[in-house]
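In the part that follows, the structures are each spelled out as structure tokens.
Next come two complexes built around chain A: one with chain B, the other with chain C.
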Partner chain A sequence: MKTNTDRLNPIQAMTLTTTSILSVEILRSQQTIAQIAGQDAWISIALGGFLSLASGMACYLLASLYPDKDFPEINLDVAGKFIGRLLLLAFSVYMILYVSLSLKIFAQALKMFLLDRTPIQSLVLFMAIVAGYAVFKGLYTIGGVVDIIFPFVMITIIAIILLSIPKTNPIYLKPVMFDNTKDILKGVLPSFQNFTGFSFILYFFSHSDNTRSSIFWYMAGILIPMVLYISLTAVSIGVFGVKDLLTLIFPTLTLLKEIEFPGTFLERLEAFGAVLWIVIVFASVVSFYYMSTRNLVVLFSIKSKYLKYVVWGLIPVFYFIAMYQESGILVLEYPQRVSPLQTILGLLVIPTLAITAFFKKRKGRSQ
Partner chain B sequence: MPERGNIMASIFRKLLNKKQSNAENRDNADIEKLQLSGNIQDNLNRLKNIMSNSGDIKTREFNLAGSNMKAAVIFIGTLANEDMIHQHIIRPLIMESAILFHKNQVNFEEIKNSMISAGNLKEAAAFDDIVLGIMSGDTLLTIQGFAKGLLIESKEYQGRTVGEPSLEPSVKGPQEAFVEILKINIGLIRRRFRDPNLCIDMHRIGRRAKADLAIVFVKGIVDENLLSNIKRKLDTIDIDGSATTIQLGQMMTERPNSVLPMYQTTERPDKVVSAISEGRVAILLDGAPNTIIAPVTLPMLMQSPDDYFEGWFGATIIRLSRYVALFISALFPALYIAITSFHPGMLPSNLTLSIVRTRSGVPFPVIIEALLMEFVLELLLEAGIRLPRVVGQTVSIVGGLVIGQSAVQAGIVSPIMVIIISVTALSSFSIPSYSLGLVTRIARVPFMILASAFGAFGVSMGLLISLIYLVSLKSFGVSYMKPISTDHPSDWKDSTIRAPLWSMKKRPQMLHPQDIIRLKRRNRSGPNEN
Partner chain C sequence: MKRKLLSILIFFVIASVLSGCWDRKEIETRGFVLGIAIDKYPPTPQAEEKGAPGETPPKEEEKLEEMEVHTGKDQYAMTVQIPIAKKTGVSSTGGSGGTSDGRGEGANSWEITQIGNSFMSMNREMQSRTDLSLYYEHLQVIILSDRIAREGIENVIDFFVRDPEMRRVVKVFISEGQAKSILDVTPKIQDYSSVYLNKIPMNATKNSRMISKTDLGEVIKSIHAGLDFVLPKVIATVDEIKTSGGAAFKNGRMVGWVSELEVEAIKFIQNDYSGGVISIPSPEHEGGIVVMEVTSAQTKVKPVIQNNELSFDINIAVKGNYAENINMHTHAKLSQELINKLEKGYGKEIERICKQTVSKMQEEYGADVFRFGQILAANEPAYWRKIEGKWDSVYPIVGVNIKADVSIRLLGIVQ
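Right after this comes the complex of A and B.
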């Protein structure tokens, strides 16, 4: 029975965007940015966040100009069949790489903190299959799952931040912006890359019941992870200091280790936190998995009845890309190699498409 | 491929239908065309023949008062109220109507309107109507010279009286439960809900059994889509014999193979009343003491009638503790396995040491130990149900003493495992819905296997798989996890928490009720304080 319940609601613009932005990066983005901007890393992240808000506005504009189509279809419509397909290919490659890298880094962290004897292959494969199951069930199911995990994700991250505050030393955060402007600006683009997930709106907008409040929920969806990233970075710098922070591989998990929960039953809180963080990575992997599927379906004009083969067929692709990279610490640098692609797509391609679409529509209307 | 599959399926369905209707035709061939004749002897003989000349068919022939017109009644003695037939059909026809006429002829209308004092009657001529009526406990009056008869209602079913609910007891709520007789059950609902919009839609189910079935809903509240969906599904059910409530429910759902209950069954009239006043639909079946309520969502299965007889604060705490029980019931052994075999560092070192100490003599790995105890627990539960009450105590002695204490002393299982399994068992019984409790018992084993393979990661993946499954499930078009979503924030008030009743001003919107407002005025100081 097809009812209106099969559509997403405006609030889900927030939950879906937030959970797809909060990704595997939450484990170590502080370290990556602190490497560039030092103790002012949080300012870089704030600026990167504002940049993603602007780019998010472009996404929203583009999506709302074509309320019945999702991004790959809009893309072909605006950029034409040939250039559109080229762009789509770039997006597909980027997203498939993103999912594979997330899986790999995730499995790496899991092996380090929870399961030291389990083979990494089985971890990657298991996570990919479960994510595939969610994508197979469709966008409406993804929305429902995210609705339920959203409060738990929020509570965990906010608890980590609040419990770390007593341990912070404000000295580590000073001097603020002292002779550091250049590095701060250098850190903006890498920070922007932490917010990749905001483009998810382009894929679910056409499946939502949109009201005038949608835009506010969507902006909240970008602002929430932005505030979380900023405070997590500030707290991490405050607890460890930049020097120590740079030596940590997964600072967020180490931060969990530092927290002393008064009268605790569980001694190693980081193992416990890692379990909840599995959920965070899962949600962002699922959203990128969904986007990859849609891209491929439109790119190769695959009929919707064969959709399931695309969904399940992507699992070996993710697995082999994830396994192709050597394990170990080096894998953590791979995201930075993919990132220019993301910057170009997010800051150049989407706004250009949005502006083109806007003028195209206006022209069409005036005629 | 799917198209070809559809074609094959439709051909197969057609063949099947043809076969079924052939069989039906053979059975009813003589009945469908037959009409009553003017000869009562002929009519009686035919009816007896159709009803296989059973021993409990009773007939009585007599002359209408003061005339030589012959008449006869035929009924089934085991279903009909003979007293009523004598007092209100035969007696007035023979004796009392004598005052009315001294003529030799009387017409059918006069007999119908002035000579029978029974309450409900209707004219009938077709044999299939008449046979169904007699089979339901009605009486046929046939009169010489008229090619039609009167079907007079005289049902009297034997059954137990309204008793206490046995599966869904309540502390402060009403203590009435449905019985096996449809009429009494509908009465129990009507008494609690005197709205003229309460609609009882009668159907029959079963080609042979022809059991009565009532769809109960409130016009003006219920979602018309839901109602037509349910009616359409009921119409497609083609079953030979009688169906139980559970079979009926399974035939109606879109996911008959789901492990989770896709409809709610209850034996409490108050639960049915509150469900239909929310915009849900109840289905009552004659002969079944439980009722189907559809649609259902997970939080509905976690509600208990007692939630509404306590203050909102207490009710919320109790309801939340039930959710904790749901998780413990499904996950506790799995978490124990994950922590002891993969992450012993998560526990305080003293606890880890004592676990290691108690486990030192146990010959099995934790997973085997847990599966073993789990199996024994299931055996105990099953035996507890099957054993006659007289020897029921044996189970508790065997279970408590032999399995618990002796197994530990013999070093087969560790005492901590006994504690874990006991807490798990307790938790699974604090879930109000028996079917949902059963699901957690089933889910426990896959979770244990995942935990022994992947530790805490396996458990969280298991949880995510269950969550995806739950969210994608739909019961009659309503998502299974519905109130716990951002769709209708006002529905949260009666989900994992129970808000004060004065604040629940709207009906659950996930059910798309036509009339959303439940409570018009904010009335905090009234009797509805809780």
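Right after this comes the complex of A and C.
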């Protein structure tokens, strides 16, 4: 995390937000939500997406009030040294858990579908090291990497969705919203969890050249994954039907196996898809890794020359948390257990901070 | 200096670790399994064969194929087909299998049969009989014998759904009698029966008597959703394979065979009909037969609830071409009048086969292969809630009104 004078441009608000939202959840969010809301899961995801747009607005407001500070610093400024640190601790814990669980679920899927004899430990470790290197190089590098990744990610996911459409049977999506409103609403908060990456703006806003169009790029950054998640869920339910979908651990990867491509050349289309979701997970891991590092640096007031110890020191932490649970079934339940923390932080803490900051600034100006 | 040494060391560590050797497997050591046939044991599939002169007698072969099991007793015989890589390039298409089972000197593939009670263990036991490592990513077909199917397809299918090497587009067939015999066929124009069989359903756009939706994914989907379904039936001689007609499944168990015409009717009602041929007696010429090539068929199934009484309205809109007449002895121009009569006649014929099939499925098999239950659940969810539990007893007596509307477009190039 070298300090450099290079700044991000406004369009990168979109690419960075999109890639940090598209996380390991893309492999199984349909299953998680369909478990709650049945065939109407896509409606829950849409509602969760709107919720994240609202929360994203709060993030943007908060960031734009302090254009030269990033979130941990704003946090201390608005909430005071003590409460600010407490909140920061909560954020740090959440993000570290998030990175670790992403790494673990990612490695588990990778081992299952591609590298079946590579030890899971090394998969987790190498992914963490590569992500760590990007984080070590700083935001500008992350922005550059993401710019390269972004088009590939978009093309793959859109291709998966389009190629699945011929296999979709709309009858599986029916009846729409029949006596299911309660479950749809229950699914909203877990869906909101899929969008957790939108808070990344709070960390890179102060490093980018902001124009009036920045907010639109940022909103586009939330809308793109929202549309992708909704259509991916609808297509998955249309292809598998809810009951079969619930039996799948990684529905998106199974979806790839379900696609029949004319001609034998692309007989195993999943190989291409599988390579690209590694990249999707990488981008979201990098952004959360970066956020964790910043949180810790400010939380413990670490001087910038010791930054590298924070970056590399986090790797063993991620590793041990990721390796803590060996059972494949229990690991998949962990994200849901962590999610209340995210809901409180995203829906309560950030908007409250934004409102407090808003009034504080206004008071400061009027005096 | 220290720094330099360290970076060289790191370079070597990274180079050796990241070169991707971990999961490396040379392609020539892989045994690509093309097809799997599953039979009930006993008897062994070979026992039903006569055993050609010069071949290992079945008794001795059986010794090789048996395995010790941890629990239970041997129930299944799984046969896998793997290509013989060395011979493939050399031999001409078709091979030259001359022995009774079609597997002679020139055979391009090897069928290994293993007896056991779980497919994972059979799969691994086979590794003790081949120097290749069996690899299922390119699996084309799974053939189940009707005995297995009648016991319940779900019993045997879990391994093929759970294992990450399997793809869900593998096609599933039901064989009448022994399943292994299908793999033994050497088709005239293809080296491997599995690849051949996999491609045959693609002709379903030309022949409506074949079932086109036969994926493993489709099967497991239906089982999980509690839907009944039809799988294609396959029969074979020494050098020929035919798939037409099907096997009807209820609750994951095969309940009976479905004839070719019944498959036609099922495809009409499921809106899965993509092309075929229908013929009726000519209304104007005695002994004459008129043939229509169906180019498209659109079916709408609508549940109707009147006075709490359930019935289904099925409207089939068929478009077709006048394709042929037989025994008509006429050189007169085709009149619009005749075409109108024919359209009615074809409509009646379609209605007839559909009605006949529906009542057979309702009364004889009780299998809801048309998925009326699913349609009801999607369109009338409130009513479905009420009868969901007793659908099995409602389905056989539910009223079905079929109406087919045929329009003939082209006449070919003669009048």
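General remarks:
Basically, the second predicted complex is superposed on the first by the 359 of 367 C-alpha atoms of A that agree within 3 Å, B and C clash if a C-alpha of one lies under 4 Å from a C-alpha of the other, contacts with A are read in each partner's own complex, and residues count from 1 in each chain.
The working rule: a residue touches a chain if its C-beta (ideal position, glycine included) is under 8 Å from a C-beta of that chain, and two chains touch if they have at least 3 such contacts.
For clarity, every value in this text was computed on a predicted model and none was experimentally measured.
Shared-chain residue A:Phe282: touches chain B; no touch with chain C. After overlaying the two complexes on the shared chain, residue contacts for A:Phe126 are found with chain B and with chain C alike.
With both structures placed on the common chain, the touch criterion links A:Ile355 to neither chain B nor chain C.
Using the contact criterion defined above for the overlaid structures, shared-chain residue A:Lys243 touches chain C, although it does not reach chain B. In the superposition on chain A, A:Thr15 contacts chain B only, with no contact to chain C. Touch criterion not met for A:Ala220: it reaches neither chain B nor chain C. By the touch criterion defined above, A:Met154 reaches neither chain B nor chain C.
In the superposed model, A:Met112 makes contact with chain C only, not with chain B.
Look at A:Lys137: by the touch rule set out above, it reaches chain B but stays clear of chain C. With the contact threshold set out at the top, residues 114-115, 118, 122, 126, 267-268 of chain A are in contact with chain B in one structure and with chain C in the other.
Within the complex, the chain B residues that touch chain A are 2, 225, 229, 254, 342-343, 345-349, 454-461, 464-465, 467-468, 471-472, 476-479, 481, 484-487, 489, 510, 512. Only residues 17-18, 22-23, 137-138, 164, 166-169, 215, 217, 220-221, 224-226, 374-375, 377-379, 381-382 of chain C touch chain A when the two sit together in their complex. Considering their complex, residues 112-118, 122, 126, 171, 174-175, 178-179, 240-244, 247, 254, 257-260, 267-268, 270 of chain A touch chain C.
Interface residues of chain A, counted against chain B in their complex, comprise 1, 3, 5, 9, 11-12, 15, 110, 114-115, 118, 122-123, 126-127, 130, 133-134, 137-138, 141, 143-145, 147-149, 264-268, 271-272, 274-276, 278-279, 282, 305.
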